[in-house]
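Next up, some structures in C-alpha cells.
Common to both upcoming complexes is chain A, partnered first by chain B, then by chain C.
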Partner chain A sequence: MPDAAPQIFGLSTEVIGVWIATFLTLAIFSFLYRDNPVYKLAEHIFVGVSAGYGVVIVYHEAVIPLLINPLFRPELADLESPNYIVIIPGLLGLMMFSRFFPRYDWLSRWPIAFVMGLSSGLAIPATVQTNLLPQLYATLNPILPLGDIDPWTATSNFLLVVGVICTLAYFYFSREHAGALGVASRIGIFFLMVAFGASFGNTVMARVSLLIGRFQFLYYDWWQGQVMRLFGG
Partner chain B sequence: MNHHRVVASALALLLAAGLCAQPVAPSDVQASDNPDDERGTVLDVSWTPPRELPDVPGMVPIGQQVLYRKVGGEIQAGPLVPLDASSASLPGLKPWPWPAWEVAVAIVWEPAEPLRAALDASRWTLPARGAVRSQFTAPVRPVGRWYDPTLTNILISALLICAIVLGTLYAVRGRAEEIYIRPIAGLEAVNDAIGRATEMGRPMLYVSGLGGVSNIATIAAMLILGHLARRAAAYETEIIVPCNDPLVMATEREIVRQAYTEAGKPDAYRPENIFFLTDSQFGYVAAVDGIMLREKPGANLYMGYFAAEALILAETGNETGAIQIAGTDADTQLPFFITACDYTLMGEELYAASAYLSRHPLLVAQLRGQDMAKTIIVAILILGVIAATAALFGGTVAEYAQRFVGWFAA
Partner chain C sequence: MPLVITFLAGLFMAVQFFVPHEIGVTVYRGMLDWAMIVASFALVLGISSLLRTHWEKIRRRRRDWPYSIVAIVSFFLMCIVGIGYGHQPGTVFYWIFDYIQVPLDATMFSLLAFFIASAAVRTFRARSVEATLLLVAAIFVMLGRVPSALLVMLGDTGVGQWLYDFMPDASEWVMNVPTVAGKRGIIFGVSLGVIATALRIILGIERSHLGGGGGGGAVGP
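Then we have the complex of A and B:
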C-alpha cells in the first residue's frame, strides 16, 4: 500500500497541490481577458519560485558534484584523490561575483570571454558534424529513374536538390539578387514558405495537445477529483 | 523474520561449504585494450572457464560475471555472460586520462526455485547470490586514440570553411567597405522601430531569447543589441532588456554600457533596465508579457534562440500595438514570428545582421567569406548529385562516384 501523502492542517498535500495548481492555471488563463491583479500574482509566484528553484538546482547539480566533491570529498566524486584542476573553473565562477564591486567588475569579463570563445570554437566542428555534412549527404541522391530508383523518388530527389540550392541562393548576401540569382532566391523563398507552413501546422498540433493536457488536469484532477468529491459526487 | 534470517544464513554457509570443497573459479584471466574502441573505455577480457562445477545443494550457477576495480578500489560488476563463455568486453570505463583497472571473473550462483521463492517471500535477499571469483589481473589501462580517422571528413570540412573565411578576410582587407550587402527588410526596419519608439516617448523592449551565452544566435543577438543601444543612446530612448540567463545579462550590460559610452552618453546608461528574470522558459514568458502590457514599449525586438514561447511573446506584443521585429535561427518558431511580427529575420539573416548594421570591415569580409563557402557547397551538391546518378550506371566510374558521395557520410 502506498504511503499516504503528508498532511497540513488536516488536508493532504496532494489535495492542496491540486487546488494551488488549479488556481494558478486559471490565474494565468485570466490573461486572455486582460492584465489583472490575479495574473500579476501568478506571474510573480511563477518567476520567484522558478528563479529560486534554479538556484537550488545549480547548487546541487553543478556546484556540489563538479566543484565541492572533487575538491573536498573525492570519494563521492569517484576519485582517489582531490582533483585540483576544478579550482580553475571555480575561480572563473567566483570572478563573476566581482560584478558586485564596481571597481573590480572588469574581472567578470574573463569568464564571459572564456565561455564565449570556448563555445564558439566547439560549435564549428559540432555544426559541421551534426548539420552540414549529414544534410549534404542526405541531399546527394540520384535524380534519374534508373535501377531501383522509381520515377517518383527521382522527382522527389530532384526537387530536394533544387530546393536546397535555391534556398542557399536566398541566403547569399554579398551579391545583388538579380538575374539568375534573383530567380533562384525567389524560388528559394517559395520552398522556405512551404516548409514553414508544414512546420506551423505541426507545431500548432503540439500546442493544442498541451492545452488539452491543461483541460484534462482541470476536469479530471480538479473538477472530478476534488470538487465533485467535495459535494459527494 | 528471525526464521528467514536463519534460512538465508544457512544458505550462505551451504554455498561456502560446497565451494570450499572444490575450487571452481575461472582461471588465466587476461585483460587488454579493445583495439576498435576509439575512446579508450572498453577492455577485452578472456579467461579459462572451469571444466565442471560442483553440485551445491539448493543453488544453481547462473553465469560468469566480469568484475573490475580501480587499484585498491571497490569491486564493480561488469557484464554477466553464459557459463561456457571464455571472453567478454568490459565497456563503460572512464575515458581520458584512462585509469588502470584490475579485472577478475566470477561464477555466480543463485538459490534454486523453491528456496528463491522462500527468500523472495521473506524479502531477505542479502545472501541470495553467491560467487567465487578468480584472482584479479595486474592493472590494465585501456587507451583511446588521439585521432579518429572516421572523422577526417569533418576535420577537412571545418578547416576548409575556416580557411575560406580567413582567406576572404585577407583578400578583401582594406576594401571591405566596398563589398555589397543586399538589403534585408527586417534590418532596415530596426531604425524605423527606434524612431517610432522615440516619437511615442515609449521604451523599446529587447528580448534575446532562451539561449545561453554560448548559443550562436544569442551571440548574434548581442551584436545587434550593441547597434540598437548606440542608436537608443543617441535618441535618449529607454531600452529594456529582460534576460533569461545570468551570463547573458552580464554580457548585455557590458555591451549596452559600451554602446552608451561610444554614443557619448555614459550617464544615460541605466543598468537596472537590463535584468535577470528567471531561467524557467514559461516563467520568463509570463514576466515579459507582463512588462509588455504595463510598460507599453513602442517597439519589441525578439532576436536570438526561441522555442515554444515565441508565439506567446509575439502575440502579446501584437496586442499592445508595438512595432515588432523578430530574428531567430530556430526554424520551428520562424512561422510564428512571420505571422505575428512586422518583420522577421530568417536563419542566417540574423547572423548577417551585425555586419549589415555595423558595416564593420571585419564582419562584412566574414559575410563575404560565408557566401564563398556557400558557393562551394552548391558546387559539391551539383557534383554529388551527378555522382550519385552516375553510380547507377555501374563500372569503374560508378565506384569512384560512390566513393565521392560516401566521403560526406558523417
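Then we have the complex of A and C:
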C-alpha cells in the first residue's frame, strides 16, 4: 500500500510518528527499572500535551461555537443576527479572572455560584432518573421459580435482593450494628468484598489489556513495520 | 447575591425537568450552553495554576527545573498548533495526539498492571473471610476473562478442560449477582448523597464552594 502520509525531509510523518511513539513508550516503561531522566522527560511532555489538548478541545468545542460564532460570526451559528445574550455568560466567565486580583476576587463567586447552582439543579432529576429508579427497577425481579423462571435464576434474583438490602444495612449508621441489623450489615460486608474483588480483577485485566496493546504496537508497528523494513526484513 | 444566583439557577434546572414546555426546554438548553461557556473560562484558571507552578520552579531553579520547560513548551506547542491550525484529522494537532499523547497515556496506564500485580501479591492474603472473598472474586473474574490461562497452567487435562468451560460462566455470575448487589447498594447511597448535597447547595446550607467554609460562613456581596 503506498504511503500517503505527508513527508518531512523525505521521511513520512507516519514513520517519524511511530519512532517517536516508540521512544516515548520505552521511556515510560523505563520507570519499571527506576525513576530516571528519560522517564521524567516523557512524563513532562505528557503533562504539557494533555493540558494543551484540553485547552484546544474546549476552545474549538465550546468557546468558538457557543460564544465567538453567535457574537461575531452569526452565519456560522445558523443565526440571522448576532446573539448578544451570550455576552452574559461571557462576562460571568471573565469574572472568574478576578481571582488574579485579590481586591476583586469576590467577583469570581458569581460565576462559581451560577455553575454550582446549575449543576446541583441538574443533578437532582438526573440522579433520580439515571441511577436511583433504574437500579431499583432492576432489583425487583421474580424470586420464586414460577412460570418461565427457572430455580437458578430465581435463586440469583433472591441473592441480588438480599445483597442490596444487606449492603444498604451496612451503610446505615444511624443505629448500632447489633442484632438483626448487625447480621445484615455483616452479610453486606461479604457482598461488598466480592464487589471490590471483582472490580479489582476487572481493573487488573483492563491494565493488562492496555499493556498487551503497547507490546503489540512495539512488535507490529515498530519492530515489524519499521525496524525490519529498514533492514530489509 | 451568590446564594441567590445558586438558588435561582438550581431551582430552575430542577423544576424545568418536570415541565417539558418548549420555552422551558429552550431556556434549559441555553443555560447548559452558558454553563459550558463559564466552565471554559474556569479551565484558564486551572491552566494558569499549572503554568505558574512550573514557572516558579524554573525561576527558583528548583530540583528538576529543566523538565518544567519541557512541560511549558509542550503545552504552548499543542495550543498553537491546535488553535492556529485546527484540530481535525490530518492536522499537526491530530498527529501529536496520535503519536505522542495516545502512546503516553496508554503506556502510563499500562504501567499500572505491574504495580497493581505487586500490590495484589502483598495485600491478597486470605487472613479472614472478607479477604478470602475478595481474593476468590478477583481470581474468578480474572480467570473468567482469560480462561485459556487455565489450560496453560493445568494442561489439557480433564480438570483443566472442565475449569476452562466453567470459569467464564462462573465469572459472569460473580459479576452479575453478588458484584451487582454490592455495587447497587453503593450506588443507592451515592445517589441519595448527591441529591442531599445538591439540595444543600441550592438552599444555601452548603457554601464551601464559595469560600464560606461549610454551613454558615459569610459569602460577601
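Here is the rule we go by: the second predicted complex is superposed on the first by the 230 of 233 C-alpha atoms of A that agree within 3 Å, B and C clash if a C-alpha of one lies under 4 Å from a C-alpha of the other, contacts with A are read in each partner's own complex, and residues count from 1 in each chain.
Here is the rule we go by: a contact is a pair of C-beta atoms (placed from the backbone, for glycine too) under 8 Å apart; a residue touches a chain by one contact, two chains touch by 3 or more.
All figures in this text were calculated on a predicted structure; none of them were measured in a lab.
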{"item": "Which superposed partner A:Ser156 touches (first chain B, second chain C, both, neither)", "value": "second"}
{"item": "Chain A residues touched - chain C or chain B, whichever exceeds", "value": "C"}
{"item": "Chain B versus chain C as contact partner of A:Leu94, first or second or both or neither", "value": "second"}
{"item": "Partner chain in contact with A:Leu76 - chain B first, chain C second, else both or neither", "value": "neither"}
{"item": "Touched partner set for A:Met228, first chain B, second chain C, both or neither", "value": "neither"}
{"item": "Contacts of A:Phe191 with chain B and chain C, given as first, second, both or neither", "value": "second"}
{"item": "Which of chain B and chain C A:Val183 touches, first, second, both or neither", "value": "neither"}
{"item": "First, second, both or neither for A:Ala42, with chain B first and chain C second", "value": "both"}
{"item": "Which superposed partner A:Ser199 touches (first chain B, second chain C, both, neither)", "value": "both"}
{"item": "Which of chain B and chain C A:Ser120 touches, first, second, both or neither", "value": "both"}
{"item": "Residues of chain A contacting chain B in one complex and chain C in the other", "value": "28, 31, 40, 42-43, 46-51, 53-54, 96, 99, 109, 112, 115-116, 118-120, 122-125, 128, 132, 139, 161, 164, 168, 171, 192, 195-197, 199-200, 202-203, 207"}
{"item": "Touch list for chain B against partner chain A, complex", "value": "70, 72-73, 151, 153-155, 157-158, 161-162, 179-182, 184, 213-216, 219, 246-247, 250-251, 254, 276-280, 282-284, 286-287, 289-290, 293-294, 308, 311, 331-332, 334-336, 338-339, 346-349, 352, 355-356, 367-368, 370-371, 374, 377-378, 380-382, 384-385, 387-389, 391-393, 405, 408-410"}
{"item": "Footprint of chain B on chain A - complex, ascending", "value": "28, 31, 35, 39-40, 42-43, 46-51, 53-54, 80, 96, 99, 108-109, 112, 115-116, 118-120, 122-125, 128-130, 132-134, 136-137, 139-144, 146-147, 149, 157, 161, 164-165, 168-169, 171-177, 192, 195-197, 199-200, 202-203, 207"}
{"item": "Contacting residues of chain C [partner chain A, same complex]", "value": "1-3, 5-15, 17-18, 30-45, 47-48, 50, 64, 67-68, 70-79, 82-83, 86-87, 93, 95-114, 116-117, 120, 129-131, 133-142, 145-146, 173-192, 194-195, 197-199, 201-202, 209-211, 219-221"}
{"item": "Residues on chain A engaged by chain C in the complex (per definition of touch)", "value": "13, 16-18, 20-21, 24-25, 28-29, 31-32, 40-60, 62-63, 66-67, 85-86, 88-90, 92-94, 96-97, 99-100, 106, 109-125, 127-128, 131-132, 135, 138-139, 156, 159-164, 166-168, 170-171, 188-205, 207-208, 210-211, 213-214, 217"}
